[in-house]
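Data first, discussion second: the structure below is written as structure tokens.
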């Protein structure tokens, strides 16, 4: 059993309840013990930063300081929300540069009797933790009901792989971690080039026209590639695409009906857990129809006849370290379960 | 405070003939101003830097010592600057144990093209040492010291 | 198009000021005007200026035009520009700085976004947690009263699916948090 | 007070007003005469221009008339005029190494403005010079004979040029090339900018010349394994990889290639765009023309069966038993012309190379344009048949980008313009060039740019944000969409095209650092080899006898590579002509009696100049190999290693001088 | 009349005297050839007796111990005045030795430690006074100096003989030489020479096999399961000071498996013993990565103590900042 400090983030108590409710049994199943950070506070999302920089940093600093104090120097933090994860890693990394930011934040923290030494805690997103620390082999072992027949669009969103302060992702624009995980669950993963494009962020609240457009782009392309269900790793992404889809339709005259659920919900299904224990049903665009496809016959792919004129493709990303031209910068290997970053 | 701001530290800077000494030349050619507190010694390489030189400088009255060399991977003699790095790290530990603030010994990399950077490093070094105040090792007295002022207790005993 | 900004010292120092406020490694002044940011931005179509243009205006000292621009408020913090910028400029951080300067100087034209941020912050300062329902009702009533009919099904949906808490949660260490934030505000002002 | 041992003259230069405007030079001279008398200063003068003939004569006369035994000149940087004053001393009969030039211009008058402080610092510097000078020794330069043979590493155009220049001048040359044929990247190209002449047409004759020149020993399919020694006398070991083909018997008829049943994707010459056989020559005009066997892919070496090549070879030239061979020879100089690698565009995942099939990199496109390439010169999509109707060419891929390579790769603008022309000419497609800045500073280059503009290429100023296949509009379906800010109008544009060409930048060879180490030279942080002086000595390196030419020194185009190849050859030929060379006598040595053989120093020398004798259990320094860095001197725990010019005594005295109280 | 011999014990432990006695029957030669004029450890004597002697009337004085207080300094001056040959005998007199390590702390702290620490029973906080008025008059005890000095810091010294203590066979050899000189059979070495030593360092006399050095870990002998009995200790990560320490002791410690701690002081011509070790140890640390180097250097937890155990008072810095 690996033990981690759990920073849920505000959404997990509200709009992202399905995420929380599904990740708890799933983590237990794969041997992840989560201990909630006592008395954590909001990370400020993207809002506080636009008002006051140092207080916004200090707000995040308090969470880091609490975590450090509660970790006994042994545990890493895991955040399921990408925005929380980004904020935690960002402030940790800024402080670690030791160019004055650390002193300012610690000065502020000292007013509350706290302090934080940057770089001491590993900070993970739940997805990277499962892929790299738990490993896909462990996940595969637990699968009792493979998600065959389900066409899933892996939607990671922005803030997990960007800005990759903790250096945990295979790529910041086309990361493959969610593809691998969903593949391990037996689902049919569609090629979804918009996987890290924006869900609209806070725009539904402050500039709905922008938000409708961004939501439309994501859903429209998912439909284009015949997706049954989109998979999110962040409560804000899920909320925007799910809850504002109807409004988007009204506004743009579209007829999108694309369900989106959290990856932990699908893991739970594949592990044989009951839908209602995994928060299914709380989505506004129902996933019911999509879920029923699980287990359906997969039409056999027609083997594309190799065209005698076709030119070979370059080795795809992830063919390992290339012979030439890496210039000392290692290409990321997609080796499953490879631990990267974090504490040794 | 006033005493400190009047204090003009003396810094001895060790330079590499191929990079930082040339950077100093370049700073001159470009007329980049920096504090006159630094006095440079030319060596063929930062790898020539014998910790004795640093100790000597402190013992003779320097308030700070700067070691400069080629950037890692760019040593004219391939990798001797790494030896300077290793010695610097061990020497610094030793000096700290001797009560000399770590900031008084500084290692900076500067290529032959980095006149501006070298001037900036020098300026920062001077300011750091200015804040620390004089070291004055060369003035250390051999005066006989009174052991302890305990006359009062003594009378009680007597 | 307005007249050029007066060529005052204050205006000329604008870029320096923004860079300094953003942090020592914002690298803002190294912008080469390549447009990677403007090309990458998912909400560029709704921006009065692309980020690149905004930086050119900063450099030109167009203080008023920059601080009243909607660009930073339309920024969705997707970080595409940050990972692609060939000069490694921390563009989202610059946007945050511009927002805070606009708020401090009251320079923004539309208060929707800044009000949302401020409401959010006040929730956090009162409870230590975000309070989605309170935030949404306060915000929508003020800025989007006309949107409410089309949003009602969603709100009811979320409520009925227990995805909105009726009451805010307050952390125990709210006093401690406010002491920290107060000190941070002092430091920011210094 | 002891009578000083030496008679020292001190000369302070005004340098016009360069020094005297800030430093009170008269005061410094007077101070030196008074305060340093006890150190042996017998005369101290100031002069308007010490480096002038009058100034030099002043020194020479004083040496003769006052019997000076040491001379300190306080003027500009020793890198400028040390030699001048040393020569002056030598003329007056004083060993040149008994002269010390200290800098009060670059280190004082040009960087400080407070006159009082600057004058004081100048005094300290003069005092340090005097202190240090007392411990100087009379030294002689070391003379080294130059072996007339030269090693050229890398058979691209720069290496070929250098080789031919030297061979034509009558000097023997060894040209070592890692691939089976010389030719380098230039052999892959179809047309060369700005003249658009055929690359092969101008390169092949030179390659043939190399192959047949009597003064050239051509070693292809070979790599340098070891280099020992020093300028004039390098010992080189080259691994001649086993070709499995007996070159004396092979006629280059090509039957073995024809009969070989194994197709292998050619990653090198064809950059993965086409196939070759397991026994192959990379291209028909290869020099030398005999094939090599690729053991990783040969069916016989995999399964033990096949040997088709052997069966069909008319001259029995196939030899499966052939082993790698170590060739050893001596050379006097080395020219490195190992070229570049192409930036791996997969690192910029937003451009989709390796993921989106119709994204090509520049070398792939060069091969596609080449009449002997995979499409025989036809410009088509990855399916091999469809002609593109719109093509986007992206500049600066991996260049001018701090996340990858911060430098400008210098050739990509011209290359992209060439591509635009070729696409337009051969397909009539719309061409879009996406650029940050167009950089065309070369003879006829900007004219070429104008020509391309006139041909109707669309130029969009903006670094492309992403290339995607995610269509938003019906007209984007089945296309690649290039998303970019057109910075000249300040708006984001999405331009649908069929094909994208990435003008990827140039990078140092992936093994550049190891190769640099092998030859004892240094790399910049980027990995390019560092020249001795960026302006005045662009083809020499800091290591005597090792020269660089072509892209190994930094990105450059064909004309510049050829110029450097020729320049390096001229430098080497000059050395050969001299027959011997003089080296600075800055060397370390070990006092055998004091050496305990602890072996601390043994591994510190990058030139392997320190030998350990088991019999005497002591270490010894080979003076000819020693480059004078002094690391071993500093490291010796017993103080048994000593050195000239920067001895402990000299440096310690210098420190004392610098810290002398000059306020009195 | 036999020439006069003197030996004095300043700030030191007394081991040097034992080492002289350890020369066994050689001590009889001393008696046979010299008239022992002054040797407080061996025989009763009064300073005033020495003061009464004529200048230069003592041929040979072996002075051991550093200069810790004004009494040490006074006697050093006195013996210099009365002796023809003054030998700084042993590590304390040549470079400060263990008592010299007191220079890591200011003298008042040393007094404080001696008279007022937990383990000291001093309920009334009684501290020694340098003078005290009694009915009979004022009495004095020596005043402690701010730092320990070496003999040559206070008087000119003719010869230096390092070691803690000097090896007895080296003492015998030196005594033999002086006796031979007295008999006119030999000449004295040049003034200022280091005597009773070899020309090189301990490694020269050490039989352990050595190779090039690449140190990835500094450790301590008792932490290593089994030390290789034949291999250089430094190569095994044991910070053995032998490479920088003057030969002459027959490499006793490393031969026995204990690292050399440096009692014989620096090699010929070396100005600062510690600097040599800092430089040589660091040079062979096998990493170019600052963090990794720091990790390796963590294996030397007390660098100043490691490098200046014997030589602090005689080093360039002479002590820690608070003390000098």
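Every chain is named by a letter (A, B, C, D and E) in the order it is written, and numbering of its residues begins at 1.
By our rule, a contact is a pair of C-beta atoms (placed from the backbone, for glycine too) under 8 Å apart; a residue touches a chain by one contact, two chains touch by 3 or more.
On a predicted model such as this, the values are computed, not experimentally measured, just so you know.
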*Which neighbours do chain A and chain E have in common?*
D
*When the contacting C-beta pairs are counted for A-D and for B-D, which pair yields the higher total?*
B-D
*Mean-CA-position distance for chain C and chain A (Å)*: 23
*Can you check how far apart chain B and chain C are, centre to centre, with Cα atoms defining each centre and the answer in Å?*
45
_Whole-Å gap between the CA centroids of chain D and chain E_ = 54
*Compute the distance, rounded to whole Å, between the mean C-alpha positions of chain C and chain D.*
48
_Multi-chain contact sites of chain C, meaning residues that touch two or more partners_ = 45, 80, 83
_Junction residues of chain D - those touching two or more other chains_ = 350, 466, 513, 604, 631, 634-635, 648, 652
_chain B residues counted as touching two or more neighbouring chains_ = 50-52, 56, 79, 83, 87
*Pairs of chains found to touch, sorted by chain label*: A-C, A-D, B-D, B-E, C-D, D-E
*Report the residues of chain D in contact with chain E in the complex, numbered from low to high.*
593-604, 612, 617, 631, 634-640, 648, 652
*Contact residues on chain A for chain C in the complex?*
10-11, 13-18, 39-42, 44-59, 61-62, 86, 94, 97, 99-101, 104-105, 107-114, 158-159, 162-164, 172-173, 197-198, 200-203, 205-210, 213-214, 243-244, 246-247, 250, 281-284
*asked:* Give the list of chain E residues in touch with chain D in this complex.
replied: 199-204, 210-214, 232, 234, 242-244, 247, 266-271, 276-277, 279-280, 283-284
*Given the complex with chain A, which residues does chain D contribute to the contact?*
265, 267, 272-274, 341-344, 346-347, 349-350, 353-355, 357, 361, 364, 368, 374-375, 380, 382-385, 404-405, 466, 468-472, 507-510, 513, 527
*Report the residues of chain D in contact with chain B in the complex, numbered from low to high.*
77-79, 103, 105-108, 110-114, 117-118, 120-121, 124-125, 128, 513, 517, 520, 522-525, 530, 534, 542, 586, 604, 606, 627-631, 633-635, 643, 645-646, 648, 651-652, 654-656, 658-659
